[in-house]
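Heads up, the thing below is written out as structure tokens.
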Amino acid sequence: MLQTSVAANEAYVPPRSRRRVAGRLIVYGVLIAVALLYFVPFAYTLSTSFKTLPQTAYFNLIPHPFTTAAWTSVWKDYDFKRYALNSLFLAVTVTLINLFLASLGGYAFARLRFPGREVLFLLVLGTLMIPDQLRLIPVFVMLTNWHLIGNFSGYILISMVSAVNLFFMRQYFLTIPKDFEEAAKLDGAGFFKTFWRVMLPLAGPAIAALAILQFQGTWNDFFWPLILFGQGSEHLYTIQLGLAQLSFTYQTLWPQLMAGSILALLPILVIFLVFQRFFVAGVTAAGIKG
Amino acid sequence: MATTTTTASESLRRAGRGSLAGARIREAGWGYLFVLLPMAVFGLFFIYPLVYGIYISFFEWGILGKVHGVGTANYHTIFHDSVFRRSIKNIVEYTVVVVPLEMALGLLIALVINAKIRGRAFFRSSFYFPSLVSSAAITAIFIYLLNADGLLNAIIGGNRAWFGDPSTALWAIVGLNAWTTAGTVMLFYLAALQSISTDVYEAAAVDGTGTWRTFWRITFPLLKPAHFFVLVVFGIGALKLFDQSFIVSSGTGGPVYSTYTPVLYIYNTAFKSAEFGPAAAAGVVMFVAIFLLTLFQRATVGRSEAG
Amino acid sequence: ASGAQARSEHAQATTITLSGWSAGKVEDDLLQTMVNDFNKTHPAIHVDYSVINGDYATAMTARFAARNAPDVFYVDSSVAPTWVKQGVLQPLNSYIKASKFDTSKFYPGLLNAFKFGKSIYGFPKDWSPLATEINVKMFRQAGIRTAPRTWAQLAADAKKLAASGVLPAGAKPICLPPDWARMLAFIYQNKGSLANVQSPAVAAAVNFYVGLVKQGLAATQQQLGVGWPGEALGKEKAAIVFEGNWLLPYMHDTFPQVLMGVSPMVKGKVNGNLGFTVSYSMAKDSKNKAAAWTLLSWLTGKVGMTKWMSLGLALPSRTDVKAIGGRKAFLAAGPFSHGWGFPNFTATYTIMSNDLQAVMNGSMTTAQMLSDVAKSLKG
Amino acid sequence: MATITYEHVTKRFGDTTAVDDLSIDVADGEFLVLVGPSGCGKTTALRMLAGLEDVSDGRILIGDRVVNNVAPGKRDIAMVFQSYALYPHMTVYANLAFSLKNFKVPKRDIDRRVREAADVLELGPLLKRKPKQLSGGQRQRVALGRAIVREPAAFLMDEPLSNLDAALRVQTRAEILKLQTRLSTTTIYVTHDQVEAMTMGDRIAVMNLGVLQQIGTPVELYTDPANTFVATFIGSPAMNLLPSEALGVGIGGAGRLVGFRPEDVQLANGHRAESAELNATVEVVQYLGDELLAYLKLRDSEVVAKLPIDADLPLGAQRKLAVPLRKIHLFDAETGAAVGMAA
Amino acid sequence: MATITYEHVTKRFGDTTAVDDLSIDVADGEFLVLVGPSGCGKTTALRMLAGLEDVSDGRILIGDRVVNNVAPGKRDIAMVFQSYALYPHMTVYANLAFSLKNFKVPKRDIDRRVREAADVLELGPLLKRKPKQLSGGQRQRVALGRAIVREPAAFLMDEPLSNLDAALRVQTRAEILKLQTRLSTTTIYVTHDQVEAMTMGDRIAVMNLGVLQQIGTPVELYTDPANTFVATFIGSPAMNLLPSEALGVGIGGAGRLVGFRPEDVQLANGHRAESAELNATVEVVQYLGDELLAYLKLRDSEVVAKLPIDADLPLGAQRKLAVPLRKIHLFDAETGAAVGMAA
């Protein structure tokens, strides 16, 4: 009945309302503007790396004259390849261990019942509150006595798991419906298997966030590498220790520092781009009704 | 088991393979196993230093160790130290402002880039950029922006040195940190947003819920576990402010004590003055204060954190 | 750093470690060369040199606590009192006596920074006092021939500069940091001292210093929107600053176009200056003290220091070693320079900096500040 | 208060065509039941109407308005989700009240309407609970309640009673009908329950594999199915469908299928006029309370018969059955399309 | 392969008692159907048996073993969840194979069993899909498949067919029964579907408000309900229940309720011996395909009658109805307990 009377424009489908379209456009405009604003620091970093030192004194986004001297210097005068490899090794190792231990522990705190769980969890939260400055000396003395200073093992040992990561995984596991675990239990999956095959895949977004942050955290860590193997032994230097060679009390080699920073930033960017694809909405929604 | 001491429950226990045993004990065993390594790390490298710190706080203690016991004198010292008292005032003001700001900004960005928009990956990356760029560059830029002849003054007119003026230095740090930390907060929120079931949004859409109301009545409450996390972690992070105040003031906490923080106090007292007793006492005071605060948060915000 | 190969060559040699912070790649390389020389000339000793780039004090404190400090290392005059008090530095008197090391060649003001009671805890490796640095072009344009030599000239030149209109908008004649590490020099010039910090002489010097700011003849680096006075000079936001030897490479590298004049520090009632100096010291816990002494005395001895001065990166702390040219303005201050350092250093310095800022912005009186400082100096 | 029109609507998910060229007109105030086997596209059709799924092709109208690009909230419809989709953080009360608040209904009215719905659905004592603390059926009732508190232009209900017990289902069914009649709200109701489909719908639309098979009143569908799919799908147990040869000569002819419903099978004592007769072996007998379901073997085919409870049917016994010719449907064996009755 | 015993089992959630002193013995290989209104505690009873919910009081045995403290995975049971609980990140195939892998079934067997189950449940073409890409009924079938690929000591099925259409339900029902018979696996089956309950169960257990009302064979429950709850709950439409006075003098006596099923009501032409008679007004007539459901008014009460399709029942007409006395149940008006038949 209806379709015959409007046969002329049968296929006509009115577009989205104008207000909605306008709203969209405004949102995009704002987004792009803000994105550009957020891009400024990077642009600044990039442009500084192509400046001469005297030019760095002024906030100017276009290098003039344009020089790649800083890049050559960073590559030739300093062993940034080695620093990057060291950092990569540490960041990958520490991130993997953290992801595993934090999600395992976070899962236990979220879902397994055991006496003392709440007290232990408060302890975990408690560790957040202890400033590094307070624990530096005891930790350093301990590691010295165990001969773990001056190589990577001490650093990896103390960075194996962070309370922030564990806490975050716990919070995330709390939001995953219990039904999946119950099904897994009945399907004869043990506690570890339930965790590994069912819960962990469902925590994909959280894992992705942690992978990004932990990788970046280790990659950018300065304080502990400095204390634990920053003494001499240049073959152990991380990217950040390497970058520290570029600034002194009264002088900073800004072009080199910024060139180095960009080198230092690329792997994190890659990690970010890889892992951000794991932010998939409503992963758990499809499995249950209720 | 909720059974009381009736004979029925007795026989039940006997029948249940000896004791309360069985599944419960196995579950607990796995629980302990799962948290064993993390707890060992925390115990060795956090709790032990903390306990050690508590011990130190009752001594005069130098670089080479114990000198002699002083009772609670270190606590008297710090509480009578106007610098320490000022640092507490600063940090409370700072935290109260910066944390909500970080949360709001982080959540806002997370929401925007979680929306179904074209080029989501692009926006995600660009909004995360400030978190990627080295903090040295960010701080340098911020100092440029907030200089007496910086961009901000150029826009609003005036010639205030935002980092150099005692009345604004702390707020300049607030701005700096809110801006750089928002990316991290955003990531946590972004992850948390994914755990919200999509059909809830569909139901809300059919129910004619506007964007604003969907956010406040659906998204926001369902993010409760994330709020609790962000509040605790970034609240504590704010209370531990050190780096930026150190850089901006070259370690003096200036101008006129306006950026002095408790951790800076601990740092200076311990590593510059080598007075580990008062430094430890300050650390303990901070720990206790934050711990009580966290317990309080847990009792309020965290209570029903979607268990 | 030397590799495993070098180490194995010196398998029989005593290995000791040497640490310091880095003031630039050139300087690091120079010190490494010197260490190599030393290793060659002293086959029984092998020195491992390592740089700590970053938080030196913290890293060292951790190592002291772990009884794991380098054998020989840099000590800044400002932390020396603390570290001595903590007993982590080795008094060198017995070694001096045994090897008849001549301490008289060091400028006494500098050596005193590492001398506590009768004990010497290190020898200054180099140093720098403050000098008066000016923007020559601006001075010329304002019709001023020479850099100011006295307080009166300083004030007069500043006024002239301000009136002449050669200063760009937002610039001030002088950049004065709210920092006792500059102001203390003026206090010494007014016959004041930290020993009697609440004296009228100190107050007068403070008032002169702060007065320059209050009159608008000077501004702090924050007010000028720069990181430190050197940058103010470079960006032509100030025509006069008081900085040390470190300003020279900075200006050369970053602001080569700015023509800078360096002349001796201004003078008040008397000459007075601050000596910023760093020593080589030995760890109390060193297990190879004899070897450490050999290194320390070589580095601070005439031969070592001459090599160290070869690139002109710093000023010699020994009177028998010549500096390279163009450093006269600094060297003249040797006899009347006071080492930068005092008891309860960090707490006091915190108070000094913050109170001085408060005095400058008018929220505190000079007397209050001096009383705070006096209290803190007593501990 | 609105007609609903699907005009050649298609929905594809990648390779799967979930809904294929669907055209339906639902009259204002009509109660249309949508049935079809699992996975035939019912939910998808509803979700497109609700605006939760994009339309791949064709258009959907509510009233005269093409809604393809209208936001779900602006379509003035209420939906019961197959997956419930309750707000997990809200109490039952808040779940029910939520949409009313969206539409700025006065507070007093909200309370009244929520309590009314809760009464109807026996949710009264549960108003303060959270969804997690409810049983499956209770959740489903909340989902239903969330739709009925509103007074929208159309109800879309996706198997809203599937988890309720018989008594509650009968009662709720009646309440839905009452409400629908009172408000005369256009309703599309997905169910797989025969009784529901037959008793509730003004018309029934039968879908299969994304394609609409037949649309008509319950009686039409039952007595005059358009094809074998509808014939076997409507009615439970299903219509018996046999090659025409199975009933012996003379009926239908070659290339035809004959169909007859279990309740039209009678135990034949003696010859009956106008009936087809068949000899079959009793295989299984199921007891249904007031009747029997007999599964009988007829050469290679199986025949189901609904017989009086006192029928004498020992397992393995041979019985002669009769089916009145005017109850026998004929279908094309290839296309499955109906071609008329045997008499 | 195992008996299942509930011994005085109680489950409390805070103030709510979801299951109250439940005692049931399920014989080895028995197929027990659990029915009861929404929220009566069926799911909770199953979940306790599965080990997913703590038992507040009493004990549960599988075989001779008290399992109160045995981990769910060690109880050798498979469960179909009312909420499906599919693993959203796994394909249908992986969902089905998951438990088999856990139990270290050889890879070849896994594949065979998964494909068999998929065939039975018509999931074949969907094996590579993720749950998100399935319809409601398809999801439910995956949930069911996950249980049947295993060969456990007991099946627990919580409304496993509620989202399936009639044809598929009939077929799946048959497959479940076939499987259960072949493996003779003890099964507890929750449903709200009358037909399912009556046709599948060896015995039926009826619960209400957490309390077991009656347990017995379908015929027992239908013909001999223990109380008014069971009487009205089993059978659809429900048994008519009236104060004894409504049927006139002589039947039951004071303080009694009389009950009779709709199908036992006949249109009375002339007086019938051994029958109670009543005059009622036709209010609504529903068409059920092969029969009619008539809702009639009898003074203050309503009576439902299932009558032949050709009955002449214009709305508002007065009709005389008869109910054979031997079909009339008597109940205590206060306790609801059955006290015998009228004749």
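Chains here go by letter, A, B, C, D and E, matching the order in which they are written, and residues are numbered from 1 within each.
Following the convention adopted for this analysis, a residue touches a chain if its C-beta (ideal position, glycine included) is under 8 Å from a C-beta of that chain, and two chains touch if they have at least 3 such contacts.
Every value quoted in this text rests on a predicted model; they were computed, and no experiment measured them.
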item	value
Shared chain contacts [chain B and chain E, defined touch]	A, D
Co-neighbours of chain D and chain C - touch as defined	A, B
By number of C-beta contact pairs, the top two chains	A-B
CA centroid of chain B to CA centroid of chain C, Å	39
Gap in Å, rounded to a whole number, between the CA centres of chain E and chain D	21
CA centroid of chain B to CA centroid of chain D, Å	55
Whole-Å gap separating chain C and chain E, where each centre is the average of the chain's CA atoms	91
Touching two or more other chains - residue numbers and ranges from chain C	55, 58, 61, 65
Residues of chain A touching at least two other chains	137, 190, 204, 283-285, 288-290
Junction residues of chain D - those touching two or more other chains	71, 82-83, 86, 136
Chain-to-chain touches, reported pairwise for every pair that qualifies	A-B, A-C, A-D, A-E, B-C, B-D, B-E, D-E
Chain D-touching residues of chain E, taken from the complex the two chains share	13, 16, 35-39, 42-44, 82-83, 133-138, 140-141, 158-159, 162-170, 192-195, 198-199, 218-219, 222, 232-238, 261, 263-264, 286-291, 306
Chain C residues touching chain A - in the complex, by the definition given at the top	1, 17, 19, 22-25, 48-55, 58-59, 61-63, 65-68, 70, 228, 230-231, 234-235, 246-247, 249-250, 253-257
Of all residues in chain A, those that touch chain C in their complex	53-54, 56-57, 77, 136-137, 140-141, 144-145, 149, 222-223, 226-227, 230-235, 241, 244-245, 248-251
Contacting residues of chain A [partner chain B, same complex]	27-28, 31, 34-35, 38-42, 44-45, 48, 59, 101-102, 104-105, 107-109, 112-115, 117, 120, 122-131, 133-135, 137-139, 142, 157-158, 160-161, 163-164, 166-168, 171-172, 174-176, 190-192, 195, 204-206, 208-209, 212-213, 216, 220, 243, 247, 254, 257-258, 261, 264-265, 268-269, 272-273, 276-277, 279-285
Residues of chain E that touch chain A when the two form their complex	50-52, 71-73, 77-79, 81, 83-89, 98-99, 102-103, 130-132, 134, 136, 139, 146, 150
